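Heads up, the next two complexes both have subunit A, just with different partners, subunit B and then subunit C.
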Partner chain A sequence: MVQDLIDELGRLPGIGPKSAQRIAFHLLQADPADVQRLTEVLTVVREKVRFCETCFNVAEAEQCRICLDPRREATQICVVEDPKDVIALERTREFRGRYHVLGGAISPIDGVGPDDLRITELMRRLADGAVEEIILATNPNLTGEATAAYLARLLSTMGLRVTRLASGLPVGGDLEYADEVTLGRAFEGRRLLDA
Partner chain B sequence: MFLRHLSLVDFRSYPSAEVELEPGITTFVGLNGQGKTNLVEAVGYVAGLSSHRVSQDAPLVRAGAQQAIIRAAVVRDGREQLVELEINPGRANRARLGRSPLTRPRDVLGTVRTVLFAPEDLALVKGDPSERRRFLDELLIARQPRWAAARSDYDKILKQRNALLKSAMPVLRKGSRRRTDRDPEELERALHTLDVWNGHLAEVGSSLLYARLRLLRDLLPYLAKAYDEVSAGRGAAQATYRSSLHEEVATQIAGGDVPEQDALRQAMHASFEQVREQEVERGVTLVGPHRDDLVLQLGDLPAKGYASHGESWSFALGLRLAAFQLLRSDLGTDPVLVLDDVFAELDAGRRERLAAMVGDAEQVLVTAAVADDVPATLTGRTFHVTLGEVSREPD
Partner chain C sequence: MVGMSLYRDAAIVLRTHKLGEADRIVTLLGRSKGKVRAVAKGVRRTRSRFGARLEPGMVVDVQCYEGRSLDTVTQAESLAPYGDQIARDYAAWTAASAMLETADRLTEEREPITAQFTLLAGGLSALAAGQHDSSLLLDSYLVRAVSVAGWAPTFDACAGCGAPGPHRAFNLASGGAVCSSCRPPGSAAPRPETFTLLGALLVGDWSTASTSDDRTRQEASGLVSAYVQWHLERGVRSLRLVDRTADTAAVREGTR
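Let's look at the complex of A and B:
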């Protein structure tokens, strides 16, 4: 039975056989109340959490917290690949608009094309003309860039402001440790300093 | 630069080996199958992160072992650096420079530079275009390590684009035959997606092509001179780049021109348009640096198919010698020169001339089954290699 638990834990992303074993034995020794709480949360999450009908972020109702919040700007939509990207961007507290979760990125090798992403749904959200700016925040890797390029092309005829998150140097880093691609991008995206 | 120490753990036939090296000429002598080539293969691997004998890493690890380790101490301008590579077949390899681990093994490129001559080099002249593309790209990376990133990006984009051509394109194919029943929206989406990958491939592909063309332009004078010397003045060696781009640009390139990168990118886009139906039909990318070739010529005739065995060898040696001379003048230091079993392949005249041309390199590592194959001018320190034991012959 303990082995079953280890096997189940080992299937989770980012958890190898050793970590799975450590977590399993931790659970066996933990306070029963803690374990109880974990099982409850797991069950509730499975039952209650679903995807927002508007933006496809995780939600506890038909719409997610952000889509329901009237204080969020309806004129800006930030397009991301996954719900976890929404969490990352929300941590910055910079963005006051709304999101759209594509559910992945275009990657022909993995059989993911534009039809497999929530692009039609995004276009539908733009139909009423309320949105003024689309911020493309897909990952700065090959498939993320391809998705951004595809969307930029698709949106180019709609009279919207289409922007892409800047990519460049990490804050607090050293120039000498940056790789050429990152440095090159940072150079391209340099901006004027207001004196 | 020169290697001062080479240390192997579970690499090929060696459970472990420690070899102290010096500048100048070092010869490894031993019967076939004793592990001479394995030593210099390790040197080549540290320099280029690939073997000159196999394309997979698995054969590099001693049977029964999980990983192989190569450590090399290299001295350049009096400064010593320690490179350590861990080869993990099926998993990511790891590299250390000095004592610090590197995020990516390819960051180690450029620390050790080699030019390696091997019996396999004959394929540069007689083999498929892929051999000559590899020669160009490896030299490009030895010269400027940053091209390793572009090379690997190009391969990734190419795989994605080929997957797209194979899978998502039935709508395009259908369109090319019966124009009536294709769904215009679906067609438009397919074209948009293809356009996106065209853009990526043209961006990276044109920069790679531009780099190859500039490299070739710099290499040609050295090639002509090296061939002239190694063949004792018999004929003029030339090489022209055969591009898979559309005819106009391909002719320009074959004529020795190096168009601007922007022009190359536009030419790639235009070529994609031209070959779209064929690409859709066959499901592979037909345009780009991965379809190009380097056409080697002796006088007016192509070397492939026309050159004799001896001439082909002279040409292969000429290419490697030219690479050595180019790196020497570029880096301001000599790459480590490795001659793996080449003397047995050459006649007496070529042996002597090759030996005379490489004798002044900062460090030369030679392997030979028979010590007598190596010209007397190239005798330095000798190591005997027997069943994976490397021992130095007393001076």
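Let's look at the complex of A and C:
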């Protein structure tokens, strides 16, 4: 039974056999109430959490809390690859609009094309004309850039403001350590400073 | 690190796979080393010093140490950031993906083939420059890549008996154009213009290739895809997703 637990834990992402063994023995020695709480949370999450019908973020009802919140701007949609990206962007507290989760990025080499992402659903959301700006926040890697290029081309005829998250230098770093691609992007996206 | 073998090579990043929390396995086509797979540690973190350089389509000067199954990247300097330029144009990106996947399939690990490296670098460079239709560039790359691999097609003389062309039939298994005597059942019958275009793509005659019409390009692309996949004995996944519609007109009008 203990080996079964180690094997199951070892199937989780980022957990190797050693870590699985350590977690398994930790659970065996932990307070039974703590373990009970963990099992209950796992069961509830698996049963109740699903994808939002509008934006495909994780949700506990038909719609996620962001789509249900009337204070969020309905005129801006931020397009991301995964629900994890929504969490990262929400941490910034900068964005007050809504999201659309594509479910990945276009990667021909992995057999993932536009039809495999939730692009049709995005276009359906834009049909009523309420949205004024689409912010493309796909990952700043090449599949993310290509996906953004595809979406920009698709959206160009709809009269929307299409923007892309800025790429550039990380805050707190030294210029000399930046690679050419990042530095080049930082130059492209430089902004005017108000005196 | 004692006894570990360090090496340095110019390489093209063919593809990447996620590994663990923040690492990647990168498949590199090295000029001297041939194809190698190496672990690039921490490159998925935004503060990574060489993450941007190890993306598909980038040409890098890379330093690795050899491992038993996987090498480890210790340094990477950019030689040509083609991938970054190509990813801004969706049609070019899909064509580049098909080039990279084909190069991956045509090469074996640790078997140096400088000609494949040079050809791929040239193809990516041309895509990044955007001087020709990306679909034509891809087809030209594909026929030349299979030729370098030893499966050169013929688009003029008969692949069976060598009789001078032009001929009316095309057969994958025979190796290209076939005369009426050598023509096996089930051979395709492309239009003469398609044979002309295919010949031009094989030798890089861009003045002829760029004057071809859409129907001819479409027929040539179909034959090239079928020829490559027949020799590779497996489908090239990226070929299904190549965007062959978007930029033909734009390139012809000089707007790209």
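Quick note on the criterion: the second predicted complex is superposed on the first by the 195 of 195 C-alpha atoms of A that agree within 3 Å, B and C clash if a C-alpha of one lies under 4 Å from a C-alpha of the other, contacts with A are read in each partner's own complex, and residues count from 1 in each chain.
Just so we're on the same page, a contact is a pair of C-beta atoms (placed from the backbone, for glycine too) under 8 Å apart; a residue touches a chain by one contact, two chains touch by 3 or more.
Everything quoted here is computed from the prediction, not taken from an experiment.
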| item | value |
| --- | --- |
| Fit or clash between subunit C and subunit B when superposed on subunit A | clash |
| Touched partner set for A:14, first subunit B, second subunit C, both or neither | second |
| More subunit A residues in contact - subunit B or subunit C | C |
| Which superposed partner A:170 touches (first subunit B, second subunit C, both, neither) | second |
| Touched partner set for A:150, first subunit B, second subunit C, both or neither | both |
| Touched partner set for A:142, first subunit B, second subunit C, both or neither | both |
| First (subunit B), second (subunit C), both or neither touched by A:63 | neither |
| Which of subunit B and subunit C A:108 touches, first, second, both or neither | both |
| Superposition clash, subunit B against subunit C - the stretch among 26-34, 116-124, 224-232 or 278-286 that is involved | 278-286 |
| Doubly contacted residues of subunit A, that is, touched by subunit B and again by subunit C | 106-109, 111, 113, 142-143, 145-146, 149-150, 153, 179-181 |
| Touching residues (chain side subunit A, partner subunit B) in the complex | 106-109, 111, 113-115, 142-143, 145-146, 149-150, 153-154, 179-181 |
| Of all residues in subunit C, those that touch subunit A in their complex | 15, 20-21, 46-47, 49-53, 55-57, 78, 81, 83-84, 86-90, 93-94, 97-98, 100-101, 237-238, 240-242, 246 |
| In the complex, subunit B residues that touch subunit A | 146, 149, 153, 156-157, 159-161, 163-164, 167-168, 189, 192-193, 195-197, 199-200 |
| Partner subunit C, residues of subunit A touching it in the complex | 14, 106-111, 113, 140-143, 145-146, 149-150, 153, 170, 173, 177, 179-182, 184 |
